[in-house]
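Each of the two complexes below includes chain A, the first together with chain B, the second together with chain C.
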Partner chain A sequence: MKHQKRWALFFFLTPVILWLFLLIVLPHIDLLIMSFRIENDAGEMVWSLSNYAQFFEEPIYWRTFVRTAVYSILVTFLTFVIALPVALYITKVVAPRFQGFLTLLLLLPFWVSELVRVYGWMILLRESGVINHFLIKLGILNRPVEMLYNDATMILGLIYTSMLFMIVPLIAVLESLDNSLIEAAYDLGANMWTILFKIIIPHATPGIVSGSIVVFMLTLGNYLTPNLMGGKNSLWFTEQIYNQFIASFNWNQGSAFGFLLLVLSSIVVWLGLKLTRQTLRTVVK
Partner chain B sequence: MQIDLSVRNITKKFKDFIAVKSVSFDVKDGQFFSILGPSGCGKTTLLRMIAGLTEPTEGVIEIRGKSMVGIPPNKRPVNLIFQQLALFPMMNVGENIAFGLFRRGEKKTIIKKKVETILERVELSGFENKKIDQLSGGQKQRVAIARCLVLEPAVLLLDEPLGALDLKLREQMKVELKKLQAKVGTTFVYITHDQSEALVMSDFVAVMNNGEFEQIDTPQNLYNNPKTPFVAQFVGDNNTWTGRIRQCDKYIAEIETDEGHLFRTKVEDAFQTGLSVDLFLRPEAMLIQPAPNIANLNRFKVIIKSILFDGANSQLLATRPDSKKELLVALPQNRQYDYIQVNDNIEIGWNEQSGICFPRKQLP
Partner chain C sequence: MIRSLPKSKTYSIGFKLYIVLYFVFLFAPLFITCVLAFNDSQFPSLPWKGFTVEWFTANQSERVGIFNDQINLDSIWVSAQVAFFVTLFSVVAGTCGAFLFEQEDFRLKQLLYFLMLSPLVIPGVILGISILLFSNTLGTYFEISWNLDVALFRPGFWLVVLGQFSFIATLVTLVVSARLKKFDYTLEEAALNLGANRFGVIWHITLKFLRPAIVGAGAVAFLMSFENFNTTLFLVGYEATLPINLYLQVRDGSTPVINAISFLLIIGTSTAACLHLYFSKKED
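What follows is the complex of A and B.
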């Protein structure tokens, strides 16, 4: 019996461990090693820290890095601010029979790939796009404005892309909030804002943190949306990594950048958990 | 005496369903007023309208003479204790109790003092820093009450707060709640489906059925002089017969039950001969082996079917030899009737003044 159990565990765990090891751990070890090696003048590979030094010496690299971090945090926060009312509406306001339907509506855009959705936005926003067309027709503008390729548009695209990953954990956590707690607070003299900050948000913290972690990581590592909607004016750090790997063919430099991004996201997530007094265990639940 | 709560012609409709139908009542300062009714009778809706959580379709609610129309719950001088208590799990006991005080913008030092005082009052001194999930059921109960009482509401509303407790604790809390109310002197409006809770604690009880009040009275009167068949049936245990009036002189009527038995009972009105009636009789109104010299008894023989021993509430289940109808007879536990065994044949008698008789409602 005991023997059988162990065998079953082994059977189910093996693919996971193989997958994790072969496709995640091993390549990362390779990248880590690569990030510490450079080609010397003789064309030989030697150990060096210069890939990392390069990052600090060249302002465009670390500026893009800081920009990416700050904007990712901003996107996460804005996504939360927009997602919370939506989740509250779905769980607490609307009749229960519409809840499933509304959640499905939220899910629907995600059946289409991110690429197609971003192109959808581009059709709407570009100089010859739908919005410009109508604004001119209505006489609000007299010549088309380029709405793409700036920070605001890029942030809009990133929020749109990550919305669902915030709303779903929020819905899950708000569903477990007993309505009578809200009513009791109201009865005891609280107004809407107090209820929001003293009852709803403290209750929803695990959902908020897990949603934020996912949105932050997705945003930080997003390549497509910043590239297409931000264009050359709004650099994202993933584009620097791409450039090193593909354009400059400097895999060693690219690996160093990749690891810097990994360290950044780990630090921010750790800080977020510390600040909200959550542990990874409760958040993952 | 000041009237703390006055409800006049309050009605609540949900689409085509009328939850509360034109209910009116007054509660005087310091009273313990209960609304007793089966689940789904509209009592929670009524309470939520008083608290302001539900908007009435029609009617006026006045608290201490001030109309509450259009006033949101956070501005009303009433507080509600929820069925599930609704203590805030994200706060400790002290923060829970201070919640309402902080919303009023009172000074921190005063709040601290008030929290201490109220915790002392509900006998939970020093519990400020406990977490909610560290408390037992009875303690949670008292924190919920303290959280409302600390705000000194004109009226405290309680929505079946004892429902979630186990029996033993419920019995204990019943007495405690009554004592607490007497001590603080706040007006309580308590809703419950448990008649014993209502009878034990209240000064006045309103019996509610299908969105309407059937009777508002003292517990004693409700039990002894129910005004409607519903009240008679809902409050206390009963033996029920249906039958017809054979003859009626003044306030004593002779009734022939559907089983063909004759009973004499008091009636409120002079009923016409042939009228269909319901007859209710409390189990304790039946005397076991009554002495032959007691007058005005309906006497008959019964066979004991079983003995339902339940301490002070023990009862006999008996039938008459010629019918299948089971009767409940109170069995006092004073050792006097220990000889009674199943299948014994004994005499039962009940005084004609104990019967409660109503004309039968014509079924549509």
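What follows is the complex of A and C.
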């Protein structure tokens, strides 16, 4: 019996250890090491901090970094503001028999590849796009306007892409909110805003946090949407990483950038959890 | 505010309008993509020039439909193969992970559990570059030490599979663990008392119980792999997967063939999604 138990542990442990060490731990250690190495004038690899120094010296690098972080926070907040009424409507307002159907409808677009969704926005918004076509037909515009390739449409695209990851936890958490609490507050004379801020949002905090963490992370690490919908001036930090790796072939600089992005995303996730006194384990659920 | 409370008319109409607008926002890009797949025009834009299925079936010099477009068909085939192997590997590793974290006890279990969750907070781009770096380091090492040129360590099919596997396995582990938590352990005990060994119990009883979760997680894994872009971008060799291939075409100007592929993808994934939801509802 004891013998068998050991074998079972060994049997389950081996693939998991191989997976986590070969594909997660060692590659990230390698990333860290690479970020501290440079090629000196003699063509040898030596230890150095210059990849990181480069990041702080070149305004384009750290500005892109800060911009990416600020925009990711903005996108997370806007996604929450847009998603909350929808989640409330589905859990508390609509007749229960439509609930399942509406939830299904809500999830459907997100099964489709992100590329297809971004492409859909591109053919809607671009100069020869569908929206311009209708605006000219209706006489609102005289000639087409380029609506793509600026910060606003990029943010729109990012919100659209990450909407699902906010709305699902919100629906889950609001379903557990007892309606009688809202009714009691209403009977005692609370208005809509008081109910929202004193009852609904405090109750929904775990869902808001897990949704926000996922949305922030996905936005920060997004490459496709900023690349296809953003303009020349809306460079995303992942694009800097891509440029270092693929275009300049400077893997050491790229590693430093990658590591900085990883640190930023870890710090924000950690802060989000600390501020609301949750653990990663509860958020995953 | 909620169903049982009285509300003003403007409030409820306003709320409904918001929801309608939200759904328009949600479906407009997909709807227009599908519609323009059937427009008889060289560009995926309005005006409407008549209905056609040529962007699916044509095979002329200026118009090649998706069914005759060898490059796109090849990339669909590559994506399907990648997704097959990713699903296979992540289901095996994920199920092992679920058993490991739910049923076994060992030192440093918490640490390993934390590591298992970590791919959820690592951006896909970072996973891609770190696996690229590490495989390159290994490749260089093998070449210098033993003069071996290992194809696995160069960007290409298997590196894409490994890269996607590294985070999709986490998802499978979580889904299977959630089901394993509901397992009635008296069943296992009964079988053990009746003389079954541990692997017999797992094979005949526990895995049978887990089957719906494993199938569901496998389906989601397949879809996630099929559509992955961020991690794949850095690991892809000359065999482009469908998202990479589409990305290159969208970036350099587009033709309605992309709409035709998107249409097929939208139909395919919505059918899969509905089936998935239907079967998971039935389980509950």
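Note that in this section the second predicted complex is superposed on the first by the 257 of 285 C-alpha atoms of A that agree within 3 Å, B and C clash if a C-alpha of one lies under 4 Å from a C-alpha of the other, contacts with A are read in each partner's own complex, and residues count from 1 in each chain.
Please note the rule applied: a contact is a pair of C-beta atoms (placed from the backbone, for glycine too) under 8 Å apart; a residue touches a chain by one contact, two chains touch by 3 or more.
Since the model is a prediction, treat every value here as computed from it, not as a measurement.
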item: Combined model on chain A where chain B meets chain C, clash or fit; value: fit
item: Chain B versus chain C as contact partner of A:104, first or second or both or neither; value: second
item: Chain A as apex of chain B and chain C, Cα-centre angle in degrees (nearest 10); value: 90
item: Winner by number of chain A residues touched, once chain B and chain C are compared; value: C
item: Which superposed partner A:203 touches (first chain B, second chain C, both, neither); value: first
item: Contacts of A:183 with chain B and chain C, given as first, second, both or neither; value: both
item: Contacts of A:194 with chain B and chain C, given as first, second, both or neither; value: first
item: Partner chain in contact with A:142 - chain B first, chain C second, else both or neither; value: neither
item: Overlay on shared chain A, then closest C-alpha pair between chain B and chain C (Å); value: 5
item: Contacts on chain A seen with chain B and repeated with chain C across the two complexes; value: 183, 186
item: Residue ranges of chain C touching chain A (in the complex, touch as defined); value: 1-5, 15, 18-19, 22-23, 25-30, 32-33, 36, 43-47, 92-93, 96-97, 99-100, 104, 106, 112-127, 129-134, 136-137, 162-163, 165-166, 169, 174, 197-199, 202, 223, 226-227, 229-230, 233-234, 243, 246-247, 250-251, 254, 258-259, 262, 265-266, 269-270, 272-274, 277
item: Contacting residues of chain A [partner chain B, same complex]; value: 178, 180-181, 183-191, 194, 198-199, 202-203
item: Residues of chain A that touch chain C when the two form their complex; value: 4-5, 7-9, 11-17, 19-20, 23-28, 30-31, 34, 82, 85-86, 89, 92-93, 95, 104-109, 111-124, 128-130, 133-134, 160, 163, 179, 182-183, 186, 192, 195, 213-214, 217-218, 220-224, 227-228, 238, 241-242, 245-246, 251, 254-255, 258, 261-262, 265-266, 269, 280-281, 284
item: Chain A-touching residues of chain B, taken from the complex the two chains share; value: 51-53, 72-75, 79-80, 82-84, 86, 88-90, 99-100, 103-104, 147-148, 151
